[in-house]
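Following this line, the structures themselves.
The same subunit A turns up in both complexes below, where it pairs with subunit B and then with subunit C.
Here is the complex of A and B:
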């Protein structure tokens, strides 16, 4: 047990180190630096064009002229003390910037995970129950075709239809600017109202995977001997499907949900950009454009760590759900 | 009134490429309180019958026929209608497998589940009932909170049994409940079932390839082959005198029934083709006739509560000897009655051993049966014709005899080729080229080389074992229906005789001829004989299944013969 635990910690540290190294070196391999931005990100933004002298000053100020390995060591050392560095663009600690935007991303990612998992499982079950009937075939074909639409394109389409044409939902942001809420209920409603389209977009992008996984696993599970046993016991179709088939079929769905959060963290960059939603995805995008190295590193680290945590959670939950697995 | 009645049940599995006729028109009934056993090799359709009764056949099954439970037609009920009968009236204990129980549910929950559903009792009540059931099947109730993968195979099988018993079913179906278990557990489960039947009067349908297990519990047997019933009847009768060649093969391949005999399975496999019109057993049958390839036989009453499906009415008689007598005139003018009023019958494909001490008349009897000498009175009928008149020694598919002493039965001056070819030559069978090929085939059968070099060897150059095999090849070249082996190993050393004997039995098993094996060596005989006739002073004093004769001899002489085997140390009989 102790040996297992040690090797687990070793593997985890190694993984983290590799992630940190990639996070550090990859942004610096991009052309340009934080002080030579020449184009505006958003319309109306002021472009500050620095003189070469100013540029060199800032580079020196942020220590970017020192050898890379030295910078990396400083980064790791600071990280050990919990210091993620200062954002060059926001002129404030990276951790503060992240804490400002992370809750919005969490909201839509968690929301989308819950919605896509639940609806995917429900639809997958319906499809499996009606296997070989027309409804299953139509549903499956539709789902597969739908899965081919990239999430940002889907977001754009939804935005055009529901926000631009029907004006049902806001075009951008996470809350109504300068709103005076009369109570927490109104505030919550406003937040949900803004989060709705991003969540739907993210959910739809993931839905097909969950649907297909549920449907196919269920179909495999229903050929198992224990389903035959359950049928033989005369428990009724409903009990057979829910208690016996679905409980077994959900095992891979749980695993899948864990991975899904990781995939969504990537997708969220595009979706947040489409909806101008102020989560870390959009922040990451602007950080990349502005070559804000400390911020890029910080956000990528947060994403990586959240994926690792999700995987760990999945392992734990799986162990609880499936008595055959010994962790 | 029968509890369950099955009428012309057919279950064909339809796949994209073919149709598998798993069950092809079977009918049987189970009386209330009866234990009926269904036996057959794997793939004979036994489990499909069980699933058919439970209404659990897969979707791709073409189903026809009727299943009546207490005169109610249950085979056409929809799922929900079938649920009324499932578990409360008819329950099944499945064969233990890794996934026969839900892997993510505690076993106790899986046992209580049907009780809560069908008996309308509270979960607590069901749990305490479950604990009782666990005790009944010999499990500690503490195992209730474990998952299936945490139990051993034997424990899982007991849980499955407890599960099947949970709603007190009227009919309990047991599908291969012991096949994966060790001997101790198997015995315990058997005793448990017998006990349950006595106490609660369960009606059981017991399905297994384990004929010993089924026979020890059931009162009636249904023998299935390739989706059909080939024989039914009371257990004891079927075991003692199987009527269908398949049943005999099954009984004879069961080591628990024939404890001393070497194990020889039924050669061949269940036919896979679905277009075959004839009797499904015919490719493996040793006594098939023309009609067997054309039409499938129906199950017909055969007396004594037995039914059999065979165009030939079951295992056919091959040779019948009636009132044979023969005596030698001794030099002093006295007559020695060597064969004294002997009656015997040899059936298709069986090995009958004639044992007795030297001088008991065995060889004389063999020579009479082979038409080498004529009896003073009495007659020998081979395939319903008289041997002497029908000349069955001189033709293909007749009777052949192999003698005791290979040195005198094969001439020193003959080459191997001439020795083996001789009967073909004498009886004018085949052209010269054909004969050479036939000789080579026969030599291959007895594991002798068919090279020119060996064919040109003189018999005098060969060893005793080789010469006896040449003699065997000479018999085999005539493709006999009946081979009489007269003390063929007594002139050979132990190892050689073991080889020759295994070769002979292997040939017999594969080619399906009947054999009369004459020997004074009881131990050797037991290895290969299905039936034994004991001879003393020209008379057959006892005849019966080899294990019966061996284990419980009734005649004084047989008892002495059995007792005279020299036992080694702990091996005293």
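Here is the complex of A and C:
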């Protein structure tokens, strides 16, 4: 088991290393260098805006003539000190841009995680309790069909129905522009009002996984001997389901929740674009449109690292919840 | 007697006769029936297809019919559309009407044509990625599982890392750097989807390798390539097929997502590209334009994905109810 945990951490660090390497080598694999600009009129035609001596001076100044492994070490050192470079579009450090937008993403991702986990568990339990009845079958088929629609298409549908057609929710943004709030309660309400549709989209996209997992685990658990013992003791149906069955069925759900955050961090880019929600996903889209390479790389790094941290946390929490895992 | 049976298309007896024919025992008599045997073979092919089709559930049948419709739409795009998709053939933002069935976009291009030609794009990318990644990854997995040792260990580490990478953010970044083109999109998607078939093919191979008939074949002197091709590959194939459908729907989603972000090939009109153009139009939500500009590609994408999902779910059930292939993305 110890060896297994070590290999898990080894795998995470290896993954992180691969991401860092991709991040580092991608811009260096591109043709040309930062000091020559290509003309848009004709492909391949280069206009050199500096003299050769100036160019060499700058290449030397930025350390681009040093061997690759030295450059890589410098890059890692900069990352360790939180230096992600400067954004071309925002004209400020990439880390500041990310810090500006990350809270919004955190808000909807965490909100969606909580909502989808809770509703998935509740629906899954209901489904398992009504197993072999029609309602379970209908619910299951619906959920499975639902799971196949990717989150950004779901978001578009919700946007078209609720914001465009019914005009119930705002079309874009995270707060009402130029709003004068009378108190913190009103401000909180405004933020929730804007975050509602993105959160619902993300949670709907993840709901099926939790639902199926809860349902299937519950069905397996209820065939165990201790459930029969609990019933034989004369415990009420409610106690049997909540205290005995659900408690044991929740373990895999915890793991699933951790991975869910990872999947959501990937999907959030598109969902935020649909709702023009100013999180890092939306920033990534505008960075891609504006070819703001340092910002793109910084955001990728933040997303990747947060996914890895989630996986690590899940591993730790799982060990705490289920003592059998750590021997 | 034999002629009667052949006319009724009894494939079993016919193949027996053919086997005799190969051995040169009844070559003289069987040759006269070869015309019947070809017809019978075609007939039996059809009946196996029909039989397989009837094993699908209602959902699966709907899925197959839906996919067939989309494929026909893509293949016969020039026949069923009146205008080329990239030409300005009407006023800008015309409502659906007799001239343009689904109306036109902001540049005055016909939306029905764009939908039909866009189907080609989605299907091409889905199929290309799925077959390359499915069979390529499958072959790697089979080889690694069969050979074992350091090669197997090494491949497993690579698979672990590939599966742990956050694929969609990386997809965005890599395609932002490599530049938008269909080939790049396919290449990147293959890079991120070969790991799963490889892993499953490997574990299947490990199980199969221990079977007595394979050990027996090897003891009779079967070469590794023969073993892999004749005994292991046909067994792994059904699982790979289910995975290939899964990968193709994943690839279609990823392509639509990339195109939606503006990272698709700008010269081709895929459905994701149409979504990108429509949502990028400034006042799309304040005007009725979204009803004929945004809805058709949205509807088609969801329809295609649902069809694929129905088929893959059904195939999973038909192939082996005990076999659980986790859907993952």
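The rule we apply is simple: the second predicted complex is superposed on the first by the 260 of 327 C-alpha atoms of A that agree within 3 Å, B and C clash if a C-alpha of one lies under 4 Å from a C-alpha of the other, contacts with A are read in each partner's own complex, and residues count from 1 in each chain.
Definition applied: a residue touches a chain if its C-beta (ideal position, glycine included) is under 8 Å from a C-beta of that chain, and two chains touch if they have at least 3 such contacts.
Note that the structure is predicted; figures quoted are calculated from it, not measured.
On the superposed subunit A, the two partners subunit B and subunit C both fit, without a clash.
In the overlay built on the shared chain, the residue A:110 is in contact with neither subunit B nor subunit C.
When both complexes are overlaid on chain A, the residue A:323 reaches subunit B alone and has no touch with subunit C. When the two structures are aligned on the shared chain, A:307 is found in touch with subunit C, with no touch to subunit B. After overlaying the two complexes on the shared chain, residue contacts for A:266 are found with subunit C alone; subunit B is out of touch. When the two structures are aligned on the shared chain, A:152 is found in touch with subunit C, with no touch to subunit B.
More residues of subunit A lie in contact with C than with the other chain of the pair subunit B and subunit C.
When both complexes are overlaid on chain A, the residue A:231 reaches subunit B alone and has no touch with subunit C. Applying the stated contact rule after C-alpha superposition, one finds that A:289 touches subunit C and leaves subunit B untouched. Fitting both structures onto chain A leaves subunit B and subunit C with a minimum C-alpha separation of 15 Å. Overlap of the subunit B and subunit C contact sets on subunit A: empty, with no shared residue. On subunit B, the positions that touch subunit A within their shared complex are 51, 54, 56, 59, 79-80, 82-88, 91-92, 94, 97, 99-105, 113-114, 117-118, 147, 149-150, 163. Note for the complex: subunit A touches subunit C at residues 11-12, 14-15, 18-19, 22-23, 26-27, 29-30, 144-145, 148-150, 152-153, 156-157, 159-160, 163-164, 171, 262-263, 265-267, 269-270, 273-274, 284-285, 288-289, 291, 293, 296-297, 299-300, 303-304, 307-308, 311. The touching residues of subunit C, counted against subunit A in their complex, run 157, 160-161, 164-170, 172-174, 176-177, 249, 253, 256-257, 260-263, 275, 279, 285, 290, 294-295, 298, 301-302, 305-306, 308-309, 313, 329.
Contact residues of subunit A toward subunit B in the complex are 132, 224-226, 228-237, 239, 243-244, 247-248, 251, 321-324.
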